[in-house]
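Common to both upcoming complexes is chain A, partnered first by chain B, then by chain C.
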Partner chain A sequence: MFQVILSTQWKWARLPLLLATITAFTIPVLSVQGVGGNQIQGVLAFRVLAAMENWAVWYPLLAAAIGLLLAVTAWGPDHRQGHTYALSLPLPRWQYAMLRLGAGFVLLAAPAIGIALGSVLASATATVPVGLTAYPVALTIRFTLAAILAFTIFFAIAGGSTRTAGYVLAAMAALLVGHWLLDVATIPIDVVGPLLERLYDFRGPLGIFGGRWMLIDV
Partner chain B sequence: MRRLTLGTLALTAAGVLLPRTVQAQTVEELRARVVQFEQQWNEANELARRVDAALLPKLHVDTMAIGPIVLVAIGDDLTLIRDAADGALQRLSDHLGSDIDLLQGVEIYALAREHTVGLGLTSGMEQSRSFILFEETKAADLAGSLVHTALEALDLTQDRGFRDWLTVRTLTLLSAVDFVRAYESLATSPFEASSKCLLGELGGCRLALGLTETSEPLLTWYSEADRRTLVENSGRPLERFFPNMATMYDRCVEGDDESCSTFMKDQSIQPPLPPNVRVTLVQHALVVGGDGAYGRLYRARGTMEERLTAAARVPGDSLIASWRAVLVDSAGHPTAVSWPLGLAAVFWAMAFSAMALRSTRWR
Partner chain C sequence: MSDAIKTQGMWYRAGPEFELHDVSMSVPTGSVYGFLGPNGAGKTTTIRLLLGLHRADRGNISLLDRDVPKEMPDILQRTAYVPETPHLYPSLTVAEAVRYHGAFYKAWDESWTDELFDRFSLPPDQRISKLSKGESGKLLMLLALAQRPELLVLDEPTEGLDPIVRRDILGTLLDYVSEQGATVLISSHLVHELERICDWVGLMDQGRLIVEMPMQQFKNGIKRLRIIDPPGTYDNTPFEVLAREPVNGGVPGEMILVQGWSADMAEYFSGVGASLHEVVDLDLEDGFVEMLRAYRAG
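Let's turn to the complex of A and B:
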């Protein structure tokens, strides 16, 4: 049963997933382009750090995009066909959802392998300046965890009804509008700031997306 | 200008009323007309004053105390400055402790007009600063600037040696990020002394920080390879305009150390580690020294190391070793995923998965 689910999910997601995997492989490789050569020592180290900081933003964005892509493709066809396939199976909903979830986790391995290979290749080919270290394994772990987390978040939202997704979006919009109204009324209450702080705190649900995403760092 | 215009209008109006043919007037009549003109002038003047008062916002002047500091505030609305003064006092008290008395006699001027606040020190303290205050600027931001200005006044009381070594204008309140940046500077410095310091050699730290007193900083703080790096970093001069310097540059790059020294002889030689690292050492000495450290730092004389050890009340070796440890700890391995962070991510992934599985309804 799992193989069938995995195979259908792969069929639905393979093209964008392939693109995402190639992107995951390419970002670390591109980030070290121009690093090394006969640049001046010291100046080089700062340039490398600056280059890594410029590329750092793309890793979490890609992880989130992959999570979203896999979650949407996992549930999309079911929603469109009114769950006829799922209802024809002798399974309770939670088992069916778990199979879809498990298939998504397996498919996440592709971009994870992509970023691992890209990071290792980039670290091996770049001249890492004295004082800096390459972190291919740490970056791969961070990326994989972020992609898994993003996938589960979007999977939970996509698995619900359109109404549930609407509620989530409406809650976010209400928060932003509330923040704007308080701002217009010059009431000094920051609603969004503390919330974001808690979300991105290391214990928070989005903590893994914060911090530094540097292939080469101090 | 407005007054002049109104006065002229009044006089013109009076002139229109004059008879076209000149008639003989008695002295009494002339006096009466003078009195009338005077009255019209005064009325026009009063009207002009009212218009001026209506058009210009009222400026308030207030003198406030931020602990021992006198803050003279001038502006149309001083509410923000008053709130900021309270915040500044709190921050200065936290930062300086009992040493806040060092700020005795410091006067700061604050001028608030529309969306701009300018802060300045009294004459004699040549440095002053101003900044644009946007509508969303809060009292806390202005308090930070007041604290900075106050500490600037404190630094200006110091001798040239201290200020030249520190280079940065003011000993600001450093955050954890500043220590991470300082570690980055230490870790990426291309100079031998810095590398030794990173590996824990205290002598290397002294050289890299410029704590070793010398009349030949280029020869003392920098190795032969470092001098070549310094010259390389400064770039090759244009041969057309500086043929001798270009030749010296080439010789230095090829390995002639004397050419490197000659090339650098007219340049100001700074310690291998940049000012943002040196300032963390001062901050660390102040933290280690606790209450009264600021006072001891500013009252002490002698070499920079003597001043810092006086502030910290620990021997130089201990101070430098603990500073290095703090710097290295501050950076950690920022890209690596710590156990708590990894476990939190796994926990949330499981929580969201459970949410997705929980429902029994197809929708």
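Let's turn to the complex of A and C:
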């Protein structure tokens, strides 16, 4: 049963998943390009850290994008058929949802492998200055956990009714429009900023998206 | 005889303008039950309630002696469903859809699947989105039959199909039913088709089940009678008068539509000073139309 669920999800997500895997491989490789050479160690370390910081933002973004993509493709075909087929299959609804969730976790292995290979290759080819260390394994683990988390959240939202997903999107849109209106009216109330800060600093599972995503760090 | 499907006092509000009212239906085990009704009568909603796709507001539903919706996985393991609109994933090929579907059923029969593939001449590598209407219908019937169900719930399974495909599908269905003794609930607009294959009939209109009886009783019991010197009212009749209408073309008397008729009831008319001049048999479609007309006239 799991095998056929996995095969359908693979079929629906394979092209964007392939693209995401290539991107996951490419980001760490690109991040070490152009840094190195015969420079004073202190300067080199500074340049390497600056390059890592420039690229760091792409890892959590990619993890979130892959999570969203896999969640949407996992539920999309069922949504389009009004869930009639899924609901007429002889298994409890929770079990069906768990099978789809599990299949998504398995598919996340592809970009995780992509980032692992890219990180190892980048670490091996880069000139790592004295005092700095490459963390390919840690980066891979962090990326994988972030992608799993993003997928789980988006899976839960996408698995609900279109109305539920609509409410979530409408709430986010209302927040942004409200922020813009306050800004236009020059009323000094910042709604979005503190919220993002809270999310960023939150010491719960979402905290994984914050912090330093550095392949090479002190 | 037990009932494969039984509902008691089933109510469901589908929206501000449509409601199922107190639907109590019984589909005997082993029967082929034709579920008739005009568009919007509530047939598809009833079927979706039976299969746990909607939750009834009130009433009890049981399929194969199991409670709906509590025991749905067990019920669905033994029940095949062919919906009005094909519900399969359009991006899968026929072979992939068959493999996917078969993985969920314990009684899935691979050799029977191969046989049905040959019988229906389905292209295994064709995407479902590219199938013709006839091929889609055949595929849905293949999936339904290959799971070896005890109960088949078919919602307009031959809608829009050409006569040859319809015959293929219904022939295969009847072969299966006669071999396995399965129960079938089939809804269709094609009344003549149901007349050929069904032994029970249920008629639904405006969210209510108007009548439910064996097909023979339905066909034999509904007659149009031509009465000479009709009485002002028909009181204490041994049959039910559904409608009265004048005879066209200046012919004397009136026509009455009756339900529950049998030949020995002719004496009734002499007792009220009238005479029975003619008994007209109705086929299922005429009976269906007249029954609906009488019901709507109140």
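Please note the rule applied: the second predicted complex is superposed on the first by the 187 of 218 C-alpha atoms of A that agree within 3 Å, B and C clash if a C-alpha of one lies under 4 Å from a C-alpha of the other, contacts with A are read in each partner's own complex, and residues count from 1 in each chain.
Just so it is clear, a residue touches a chain if its C-beta (ideal position, glycine included) is under 8 Å from a C-beta of that chain, and two chains touch if they have at least 3 such contacts.
Predicted model, so just to flag it, every value in this text is computed and none were measured.
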item	value
Overlay on chain A: chain C relative to chain B, clash or fit	fit
A:Y59 touches, of chain B and chain C: first, second, both or neither?	neither
Chain B versus chain C as contact partner of A:T8, first or second or both or neither	second
Which of chain B and chain C A:G160 touches, first, second, both or neither	first
Touching partner for A:P92 - first (chain B), second (chain C), both, neither	both
Chain B or chain C, by number of chain A residues touched	B
Partner chain(s) touched by A:F25 [first = chain B, second = chain C, both, neither]	neither
Touching partner for A:V218 - first (chain B), second (chain C), both, neither	first
Which superposed partner A:L145 touches (first chain B, second chain C, both, neither)	first
Contacts of A:P205 with chain B and chain C, given as first, second, both or neither	first
Three-chain overlay, closest Cα atoms of chain B and chain C, distance in Å	7
Shared contact residues on chain A - chain B and chain C	87, 92
Residues on chain C engaged by chain A in the complex (per definition of touch)	51-53, 72-77, 81, 83, 87-92, 96, 99-100, 103-105
Parts of chain A lying in touch with chain C, wherever the complex brings them together	1, 3-4, 7-8, 11-12, 77, 81-82, 84-85, 87-92
Partner chain B, residues of chain A touching it in the complex	40-43, 45-46, 49, 83, 86-87, 92-94, 97-98, 101, 129-132, 135, 138-139, 141-142, 145-146, 148-149, 152-153, 155-156, 159-161, 163-164, 188, 202-205, 207-208, 211-215, 217-218
In the complex, chain B residues that touch chain A	138, 183-184, 186-191, 195, 198, 229, 232-233, 331, 333-338, 340-342, 344-346, 348-353, 355-363
